[in-house]
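First the structure, in the form of structure tokens, and then the observations on it.
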Amino acid sequence: MIPLTWYLLVAAALFCIGVYGVLARRNAIAILMAIELMLNAVNLSLVAFWRYLHPERTVGQAFALFVLVVAAAEAAAGLALIISIYRNRETVDVENIDLLRG
Amino acid sequence: MLSAYAVVALYLLLSLALLGATLLLWWALRPKKPNPLKLEAYECGVQTVGDTWVQFRAQYYIFALIFVLFDVEAVFLFPWAVAYNQLGLYAVIEMALFLLLLLSGLLYAWRKGALEWV
Amino acid sequence: MGQIYDFIYNLLPYLGMWLHGFLRSLGLSEEAVFLVVGLIKAFLLANFGLIGFAILTYVERKIVARFQDRLGPNVAGPYGILQPVADGIKLLTKEDTMPAGADRWVYNLAPLIIATCALAPLVVIPFGPGAIGADLHIGVLYALAVGAGALVGVLMAGWGSNNKYALLGAFRAVAQLISYEIPSVLSVVIVVMIAGTMSTVGIVQAQDVPYLFVLPVAALVFLLSGVAEVGRTPFDLLEAESEIVAGFHIEYSGMKFALVFLGEFVHALVVSALFAVLFLGGWRGPWLPPYLWMLIKMSVGIFLFFWLRATLPRIRIDQMLNLNWKFLTPLMILNLIGVALVDKGLRAAGVSGGMWAAGLFLFNMAMLIGALALPGYLGRRARMAALAGEAEAEAVEAPVAAH
Amino acid sequence: MTLIQAVFILFAALTLGAGLMTVLSRHLFHAVLYLILSLVGVAGLFILLEAEFLAGVQVLIYIGAISILIIFAVMLTRGMARNPGPPLNNQSLAAAVIAGLFFILLAPVLAGFPWPTAASGVPADAIEALGRSLVDPNQFALPFELASVMILAALIGAIFIAREKR
């Protein structure tokens, strides 16, 4: 049997990788990908808690599904923003996208 | 339950191995006569002009976007469909509301002309 | 006589039982027996896919040739039956080319991913009671999900080739595949809803009446989007030879090309197998053994694919997208709601069995006729309006011209 | 170590290794491919956790849909993909320190806390129960409808933003 802490440690490490990506990458799409990693880490810990604490209840799986919706909506809207910015500014480098009005 | 997935994993690994084996066999059998001309991008014999990065239409992105959101909606439908036989009318109505909201999104895209290719 | 019939009828379960007993007699533990049986199943299934691919290439050429009043392959062996072998040898002795500037790993891994993802759903296809690779709770969802993995392979092929046509072809292919995934997923949801399970075995067992006669709209849409997802005529614009040469696999040669091709044919096989499982009642049928029924029902779908390919021209990309987003997707959403309501209504009225099936069938047919009539009516009205507008414009212009 | 633990370590290594490559990879397209690999690893972990429905959903949505969307976006902003500058900004060292510190603080808490574990296994009708609870007014009926509203909002917003103005 696998201890619960293993899953939590993997989830924590994945989350930290995501944090690093968000802080350190320059490309906006790469930052979005790092956010997806973080959301996955959250999902992983949600499902792990569900399995080990309350497998008879559905709350863990249901929340993981809602996180998935958020991830999809975030990816769709975020990437649309990035494409729109690229169209106007010819760049997706967040170092150069620092003005509130173009 | 995990045992069923063990078979799935075995199957995936085995088919990957079989396909890889045919590639290895090919690697052993095929002739190797390199020639820089053979390595050019094939465009019906015409010399390649410009970059591979031709202009893409943002329209592709719009369709992918609608697809992603409808796929997410379909994912919610699956557990509902499995439980459907034990649910009452209220569940059908809730799902109908869920779907009609999305359909209105599709209609919005239609009205805005986001579904037109040209 | 009865014994022989029984033996042939139950061939697969008997084989399984014999294998289990044989392995146990070798002194293996229950887990080891499970592992070995799983390995044998996996091997058989993978080879079913690979040999099915070889046979299908031959059968397709023969059938299409017959449609076009030709003979088809007839040189290699009697009736050209060794043609797949000859093709295989030819492909094995072809030189490998990798275009300059190709992304080495991406380019070489793409065919493997495409072929593996196409083979993957076979493991949940039941060929008889108990004759299935793995009866997953999420059977059909698994089949849909791993099928989607091929999209990534296609994009990898398009990107890795460093070729305009390949990239354009990959974009087109993915746009088409993702569009038609929605109606096909929705039709699968309708089947899951009526059957009450996602397991393929459970769906077959639930079909006392084949769902083709209960949910004809879902069946038709599933088949149509299946044709589109396989990328065969009339939806073959993702490899349109005359426009973008061959699509995303333009730069592949030899065995790598064969793997991409295998992906296409096995995908056709999988779609027809899923169609048989979801709508034709799977292995169930009178007299004949289950595995034969399954194969017969699979070949129905396959034959339809070849028939369409021999008959229809290619449609344009905007037509392809319009058909999906403006017709099939709204139709399937409304059909899903309608079927759910009618089913609840029928059940509340205490109708079951044949009458229930007939009720749903009638509802579906009414919906289908309505859905087919509506675009025709709207199109006619639009044309009339356009004609009237032209006539008016002429009437306005005429005095000016006379002047 | 049992077989199942070995499988867990394999999937965990796949998830973390590919995740690390996602944030480090120079080439944006390769980063997406590593992201996909990482998500496959997470799907494998879901199967080990006996959340098979979520594993299927993970493959269908993340790999079959979201990553496709990301690849499309990468291709549409291909000017950046072709000649990538340095992938990391000048605060990358600080970021590494922050992420590392975060993990170092988090890990002992997670490892040291005596998590209670339920004795019961996953019920056979877990997916069915999930479906029931999604439309149950006492459980997730409201979030469920709100999810639809959210998808609708994302759809309308994203189309409005990404449409080519003519």
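Chains here go by letter, A, B, C and D, matching the order in which they are written, and residues are numbered from 1 within each.
By our rule, a residue touches a chain if its C-beta (ideal position, glycine included) is under 8 Å from a C-beta of that chain, and two chains touch if they have at least 3 such contacts.
Since the structure is predicted, the reported quantities are computational estimates derived from the model, not experimental observations.
Visitor: Have a look at A-B versus B-D and report the one with more C-beta pairs in contact.
Guide: Looking at contacts between chains, B-D has the larger number.
Visitor: So which chain ends up closest to the centre of the protein, judged by Cα positions averaged per chain?
Guide: B
Visitor: With centres defined as the mean C-alpha position, give me the subunit B-subunit D separation in Å.
Guide: Taking the average C-alpha coordinate of subunit B and of subunit D, the gap between them is 17 Å.
Visitor: Could you give the separation in Å between the centres of subunit A and subunit C, each centre being the mean of its C-alpha atoms?
Guide: Each chain reduced to its C-alpha mean, subunit A and subunit C end up 33 Å apart.
Visitor: Just curious, how far off is subunit B from subunit A if you go by their C-alpha centres, in Å?
Guide: 21
Visitor: Averaging only over C-alpha atoms, locate the centres of subunit A and subunit D and give their separation in whole Å.
Guide: Centres of subunit A and subunit D (C-alpha means) sit 6 Å apart.
Visitor: Would you mind listing the residues of subunit A that make contact with two or more other chains?
Guide: 65, 68-69, 72-73, 75-76, 79-80, 83, 87
Visitor: Residue numbers in subunit C touching 2 or more other chains?
Guide: 136-137, 141-142, 167, 171, 174, 178, 181, 198
Visitor: Which subunit B residues reach two or more other chains?
Guide: 1, 5, 56, 58, 60-61, 64-69, 71-72, 75-76, 78, 80-82, 84, 95, 99, 102, 106
Visitor: Sort out which chains touch which and give me every pair.
Guide: Once each pair is checked, the touching ones are A-B, A-D, B-C, B-D, C-D.
Visitor: What residues of subunit A sit close enough to touch subunit D in their complex?
Guide: Where subunit A meets subunit D, its residues are 1-2, 4-10, 12-14, 16-21, 23-27, 29-30, 32-34, 36-37, 40, 43-44, 47-48, 50-56, 58-59, 61-62, 64-66, 68-77, 79-84, 86-87, 90-95.
Visitor: Within the complex, which stretch of subunit C touches subunit D?
Guide: 103, 106, 136-138, 141-142, 144-146, 148-149, 151-152, 155-156, 159, 167, 171, 174, 178, 181, 198
Visitor: Which residues of subunit C touch subunit B in their complex?
Guide: Listed in rising order, the residues are 34-35, 38-39, 41-43, 45-47, 49-50, 91-101, 112, 115-116, 119-120, 122-123, 133-137, 141-142, 161-165, 167-168, 171, 174-175, 178-179, 181-182, 185-186, 189-190, 192-194, 196-198, 245, 250-251, 254-256, 258-259, 262, 317-318, 321-322, 325-326, 329-330, 333-334, 336-337, 340-341, 344, 348.
Visitor: Once bound in the complex, which stretches of subunit D touch subunit C?
Guide: 29-30, 33, 36, 52-53, 55-57, 59-60, 63-65, 67-68, 71-72, 75, 127
Visitor: Where on subunit B is subunit C touching in the complex?
Guide: 1, 3-8, 10-12, 14-16, 18-20, 22-23, 25-27, 29-33, 36, 38-44, 48, 52, 54, 56, 60, 63-64, 66-67, 70-71, 74, 77-78, 80-82, 84-85, 89, 92, 95-96, 99-100, 102-103, 106, 110, 115-118
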